[in-house]
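Structures incoming, each one as structure tokens.
Next, two complexes with chain A in common: one pairs it with chain B, the other with chain C.
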Partner chain A sequence: MSNPVNLTINGQPVQAPPGTLVIDAAKTVGIQIPAFCYYQGLSLQAACRMCLVDVEKAPKLLAACTLLVGEGMVVNTESPAVVKARKDMLEFLLSNHPLDCPVCDKGGECELQDMVFRYGAGESRFTEVKLHVDEKQWSPVVFFDAPRCILCYRCVRICDEGLGVKALGITNRGAYSEITPNMGTHLECDECGSCIDICPVGALTSGIYRYQTRPWEMEHVGTICTHCGDGCKTTLGVRNSEIIRGNNRDRSGINGEFLCIKGRYGFDFVNHQERLQSPLVRVDGKLEEASWSSALALVAAKFSSIESAGGKIGVVGSSRTTNEENFYLQKFVRQGLHSPHIDHRRSGDVAGLLDALSGKTGALAATADLYTANSLLVIGADLAQQHPFLAFQIRANWRHHQSRTYVVASGPVREDSFATRTVQAAPGTEMDALAGLADSLRAAGNLVIVFGDAVQGDAVRRLVDFGSGLGIPVKYLCLVDYSNSRGALDMGLAPDLLPGYRPAPETGMTVAQMLADKDLAALWVVGANPLEKTALASSSAFVVVQDLFLTETAQRADVIFPAASAYEKNGTVTNTCGEVQRLQKGLGVMGAKPDLDIFALLARHMRLNLGATQPDKIFEEIRASVSGYNVAPMVLATGGAALTNPVNGRVPQSAAAAIASSRDTLFTSGTLGRYSKILGNVMEAPGGLYQR
Partner chain B sequence: MLYNPPHPAETKILTRRFGLPNSESLDTYLANDGYKAFLKATGMTSEQIVDEVKISNLRGRGGAGFPAGMKWSFVPRQSPKPKYIVVNADESEPGTCKDRVLMENDPHQLIEGVLIAGKVIDAHRGWIYIRGEYRYLIDIMDRAIDEAYKNGYLGRNIRGTGFDFELSTHTGAGAYECGEESALLESLEGKRGIPRIRPPFPAVSGAFQCPTILNNVETFCAVPSIILHGGQKFADVGVPKAGGTRLLCLSGHINTPGVYEIPLGFPMMRAINELGGGMLGGRKLKAVVPGGSSCPILKAEECDINMDYDSMAKAKTMLGSGGMVVLDETTDMVQFALRIMRFYQHESCGWCIPCREGTLWLRKLLTRLNQGIGTSDDISMVRELAGNMLGRTFCPLGDAAAMPTISIVEKFRDEFEARLARPASSRMPAPGDLVSIA
Partner chain C sequence: MTFSQETEARFERLLSSYPEGRHRAALIPMLMYAQDEVGLVTQELKEEVARRCGVTPLQVDEVVGYYTMLRSKPMGKTHLQICTNISCLLRGGDKLWDQACHKLGIGHNEVTADGAVSLEEVECIGACSWAPAIQVNYDFRHNVTPDQLDKLMDQLRGAQ
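Up next is the complex of A and B:
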């Protein structure tokens, strides 16, 4: 480690490692140097000239965003020359700015407004005609208002460098320069909206949010996205029990500035007109609205009689419900209904990985490890489609740390563009491709292996053997599909596993076995759609469904309870890396209840005492009883993510467990995704015009 | 084609072959010392060549006047990366037309200069970046390169020396900004022509992030003579700290405009009266743009100076790229200021705020003042806005727009005031003039 550099900023002594930019060094002592184009993590521009500072002995003001700290350097960020330069720069900027702040979406959270407020140029001397260009719609979710644009090029850079999409560029020259999609008039991209979030002004606006409200009229609720398994924090802007927008307001989540289309816009299923808002009971073959009490009484009576008659009750849990709900549900099923038949849709062989890692410590990768590892091996997964945030992390690691990425995939993936090596392997032969990579991987010093459902069962053990054989620290990441797929398994929604991967005393039926069992007396489906493509073999089974929508499974139900989505409840979820985070209730939807409340009501109707029914208290139970979940509550309460230590020991393996990813794309999200209009409206969505 | 016959007051070094029959051909070049300097250089070490160039006091002829030998010595020769030579032939500074005659009349001199520079840093690839508007020059240059290849002066194992060098032309697409060296490199690499953050300078990280010597056409053209006759001889022609001759592009209200080769330190009034043949129609001198439109303008009474770097700096202007424009008493300075600003506004690349917004604002303001609409405060505002750009832009284009504007407003403010004092009826603008000039 080389010696730190000593410099003085505004009379304060500052120490910074060599190579630090003056703008960053100033931040360490609480001195803010204003800038528009400078954005940590993206390439340097020095275009906005807002960060000009006085440096002793320099003939003119220098841009702090490209100036490296130097020994003995004396910097003044508040000299009269600097203060005047800033004010002049803002005057230039405002000369062609429309100043339509009263109607601008960004009003109130605009960096240009804040800058002018702080640094002056409140009076306008510009009396000429301003340039005007009409607003353009680039896609259903992205609008561009060129006159507001200050040309900081953040959007171009986040798209190019951050996402690797390169959808934006610049046309024309000088004052007529304009940010333009590289496709000409429209975007063909991930539709992630990162360009909107990163825009310091109101030039890029969201097709969903624009002209809906003022920022200060909303409540900002930071919660966890309910779609894929990456566990990104999304901040819901809620006004009068309505989600107006999702964005990355304070960048405090594990995802930093990243959000994909689902995290940003995929909340609109909440208000879908087909949302169930009343319990439905089948009467004479038709589903009819019923009161909560009558529906609950019916189900309670039916479950009780089936249970006492020794009938088989199969229960299918969800990959999106909270840990608390899953924990309570398995307790309900195993202790209340005395049934071992509980399962959920499994999308990755987490149990196999934990078993293979038995005896090893610190071998599970956290999200942050993808950004810091020297090398990464991605096997059988299209991260950019299914796990966009993990793809972003890996790309950022390559950009910032020159990490090496190795890809083993059956087709082209986005990581190919920067991967050190890509090996094409037909599905099922991924493991055979590894031997050839061993030497390169070993040389990197440490490694994170990311694998999808292509590696399962025995292959997981072979993969871990391969990793152990490298003789370097190796961490593993097993990809699973949805926001709480990982937590569902951790909480024992499996026929052979209790919470914390303890073996179940009696092995029940898997989802497939339940559906195929002609004698199944009852099927209770919570937030899942197992009958989407498979018919229920038992024609006499009493089917209870808790869901937001009338899915294929719900259409077969005898009783349907309208459930609340993840945005309408509190609790915790565990992402694909095993990091627990807290959901924050953003709103309530009339008629729907959180699944936990439905369980609790049903338990009361069945006169079962299954312990606490409040999320916080159940989480205490989970902390006390589930291996690895003894995380500090303060971390969660403050919006942090806590990595769960998995069970360190053998985990029983079930040959019957079918593991298959749903192969969602960026624009699908299982059954839930079908009810998001935005996901369906973008042209990149399956069936859209811009299929790649 | 020549603009003007040679003048006895000239010192002809770079232009000595001009006017010879088929001066652009290899035969004529070879018959007149052609490629001798390169062959001599192959027997010299890199250090010896750089030393000769340093001794010659050759300073960059593109406008900034950075000592060429020093620039060359910054190239990290031990770098494992390939090294490149790039010729800046994006001659776009208004008033400047010297690179054009050099390439047109003696293209092989440029090729030889490039070869010698290539020898210095062990580069084997070079480009001549020619502005797109010089379409016909690209053909001339391509023919010369072709001829050089055919006769073994380019390509592999040049004339048996074991030195390989590939050279080709590359055309710009009409952007003044691409004459700025780092923007030129971006454009050469196929990107948008915007300047780079410096450091690193091209010597360390130039074309394709490799060490690169990048100089103006005239700078490269001076090198063969320096090597052939020794740096000291070249230095002796000029003044201390600035050696040799430079090409003066003389235009404006004079009798014999043209490109003249004069030693550094040549008196400006002699240039106007002898080379230029005096003022057109015997009218009075009003002002001189000494070195291209980006240089602060000189009033007639300030023109009694010698044209070298130090004297010009003392007069608060620059030698620039040698584009000297002589203005007589009939010149409308308000209109002149507007014309200059229109150019820079049109050419501003838009990268940084002060240049992008400042040039447009000034253009609109000057358009209005030129129509006689405005107040005395508006005149002050021109001066102030230009001052707000000066020294704060990302690249020197903003300064280039600000400097002449400041000098014109300061030195000819009375003309602006007079324009505003015209009777109201004559000030009524045409309806179209008030609409945005976008």
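Up next is the complex of A and C:
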């Protein structure tokens, strides 16, 4: 690195690399320079003039947010001139501000409020009539109150630069300047709410949170989004057992402040009126409410008798339940019910990838790698629709580090707009397109390959061979659908694999085989909907379902247990990259129980002793016994993500598992998406993938 | 949307004078040329220019809303701009403005009923040394006297 620059800020000597902005250099020695328009990670705007500082020998105050450090520079951030300038700037900003803090959503966490409190004048010389503009609704998500806007351009930049959507602009000028949505009177966009959360004031508000509460009345619970497999941290604002908002303003977690509409607002399925809140038992062909004890006793008796009669019990696990639940469930099935028939819906060929990588170390990409790699190759996936956070990372990498992105897809994707090269390849021919890219990929020095379900089985091996052939460090990322799709496989919800990808002593049936088996005696479905489009061949099978809603599968059930969602439980989940993170219980919903509690109760009714039933204790077991999960507990306890290092050796696969993504878009999310009003209400829903 | 051959040729020249990937730099001149031909900036025009410069229609809106010389409603055949900023004001620009309003019977940013002339009160047009200054479409008139303005207006109204 080139020599650091020496300067003085408020009498303190400061060293910073050349090219550092004074505002950032000041931060390194604990000096905060107030700013509105400056925002780390976005382009410079210098619109608000809040950050003015005194620089020796400069004739005027200078904006610290665009001023680069210089050798010998002497900066004063608290001189009388600076203090006065701040006061004046705030007086300007307030001249047309409605000051309706008592009813404004942002009150209590408003940057303008804080600044005026700290630096502002208590009175205004502006006695003219303020310009009023009525508030506008641009979508079910986004509302705009023009008079509160301080024209910092943060919303415009996050949408354009961060998301690549470009849905917001500023029209007219001077006092009449106004943020304007892309369709003139309404928005057509990702409805992610990034613009709302980044707004320093209450000019942009969300249809979900507005006028609901004050920030200090909520509990803020940091947990993991339950929707796609990217594993964003979302901080739920909970009041009186109700989730009022989700955001990640503290920028903790792997996703910084990024969240898509699902992580920020898609929690409303939690109190959907059709939520199951009592066990249901089929009596005379009709599902009727029953007590927990009678329903549990019925299932326990049925499972025991089927097991002792040697009947086949098939179990379908979930892609959203926790690692602890999945680990316990497979123990329950294998050791308690002595059945090898356990599986879940597979959405990406993780096992194939781990097998192909046998003998290689450090070849699995973490979400952070997408932001730092020199080049990326995305094969057969519409990331902006299916993996919004990964798309955000790749875009940020291109913006900040000029990384090169290569796309192999069968239709247009958002990455095309900045990709170094896009290759159109019909579904099934993606692998053939690779050869032509080899030279440019090799030149980049290092690479992350991201692939969807288009690459599976033998193709994964060929892909890894291709990567190895480049002679540069290559990491891989196999895309899977939901918040714990990855963990489900890691924990052995597979007919041929035990936790940690060890071979199962006996290969059981896959989901498809269970559904097609006319002799199946019982089917136990946990948080999945395998009968959504397929009928159960066995007409006599006893069906037990654990779910939040009366899905197609639940409608076929003999007993249904009402389950808690991820926001109502503790435990851990593993994202599509293999990063484990901790869920924190945000609330409880009357009548519903976490799946782990249901398993434990059932085990007790069947007099099975399957070990610990508390999430923390089970995670200890997982750490000790599942390959790769020996992660530092502190990292998880403090809300961090730990990359698992799974097996390093061949992964024996003996079951013919079908692997197919459910092709959710930005506005769908399996069963949960169907019960989220906000996802259904935005006009962009359900949204389309290129491959259909 | 297509334009006359000359305008198309101008656009081509414009776009080729900026490096690849920087075509948005052509936005303002392209809008000006297009407005000269069409008479105003229509929605269709915005979308067309957006496409040609590789920006979104909203980004064109941002520019059109910002610059007063880009207009979303039709102006007269001749657009008369009268400066009333400080230098011109000191040398009688405000009187010229009143005179024009009176004679044409229209105000700021309005068009005569016959569509011949439109009027705009502008800030400094950079001709202070020859104040009071006015602008007739793209042409400047310097040291304008009330008499000259009167003749000019007669001419413009007669000319249509």
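Criterion: the second predicted complex is superposed on the first by the 684 of 692 C-alpha atoms of A that agree within 3 Å, B and C clash if a C-alpha of one lies under 4 Å from a C-alpha of the other, contacts with A are read in each partner's own complex, and residues count from 1 in each chain.
The rule we apply is simple: a residue touches a chain if its C-beta (ideal position, glycine included) is under 8 Å from a C-beta of that chain, and two chains touch if they have at least 3 such contacts.
Since the structure is predicted, the reported quantities are computational estimates derived from the model, not experimental observations.
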Clash or fit (per the criteria above) of chain B with chain C on chain A: clash
Touching partner for A:Lys166 - first (chain B), second (chain C), both, neither: second
Which superposed partner A:Lys302 touches (first chain B, second chain C, both, neither): neither
Which superposed partner A:Asn182 touches (first chain B, second chain C, both, neither): second
Per-residue touch tally on chain A - higher for chain B or for chain C: B
Contacts of A:Lys262 with chain B and chain C, given as first, second, both or neither: neither
Chain C collision site on chain B, chosen from 4-12, 22-30 or 184-192, when both complexes are overlaid on chain A: 184-192
Chain A positions touched by chain B in one structure and by chain C in the second: 169-170, 172-173
Residues on chain B engaged by chain A in the complex (per definition of touch): 175, 192, 197, 345-354, 356-361, 364-365, 368, 381, 388, 391-394, 434-436, 438
Contact set on chain A toward chain B in their complex: 44-50, 52, 60-61, 66, 85, 88-89, 91-93, 95-96, 125-126, 128-132, 150-151, 169-170, 172-177
Contact footprint of chain C on chain A as seen in their complex: 166-173, 180-182
Complex contacts: residues of chain C adjacent to chain A: 56-59, 61-62, 65-66
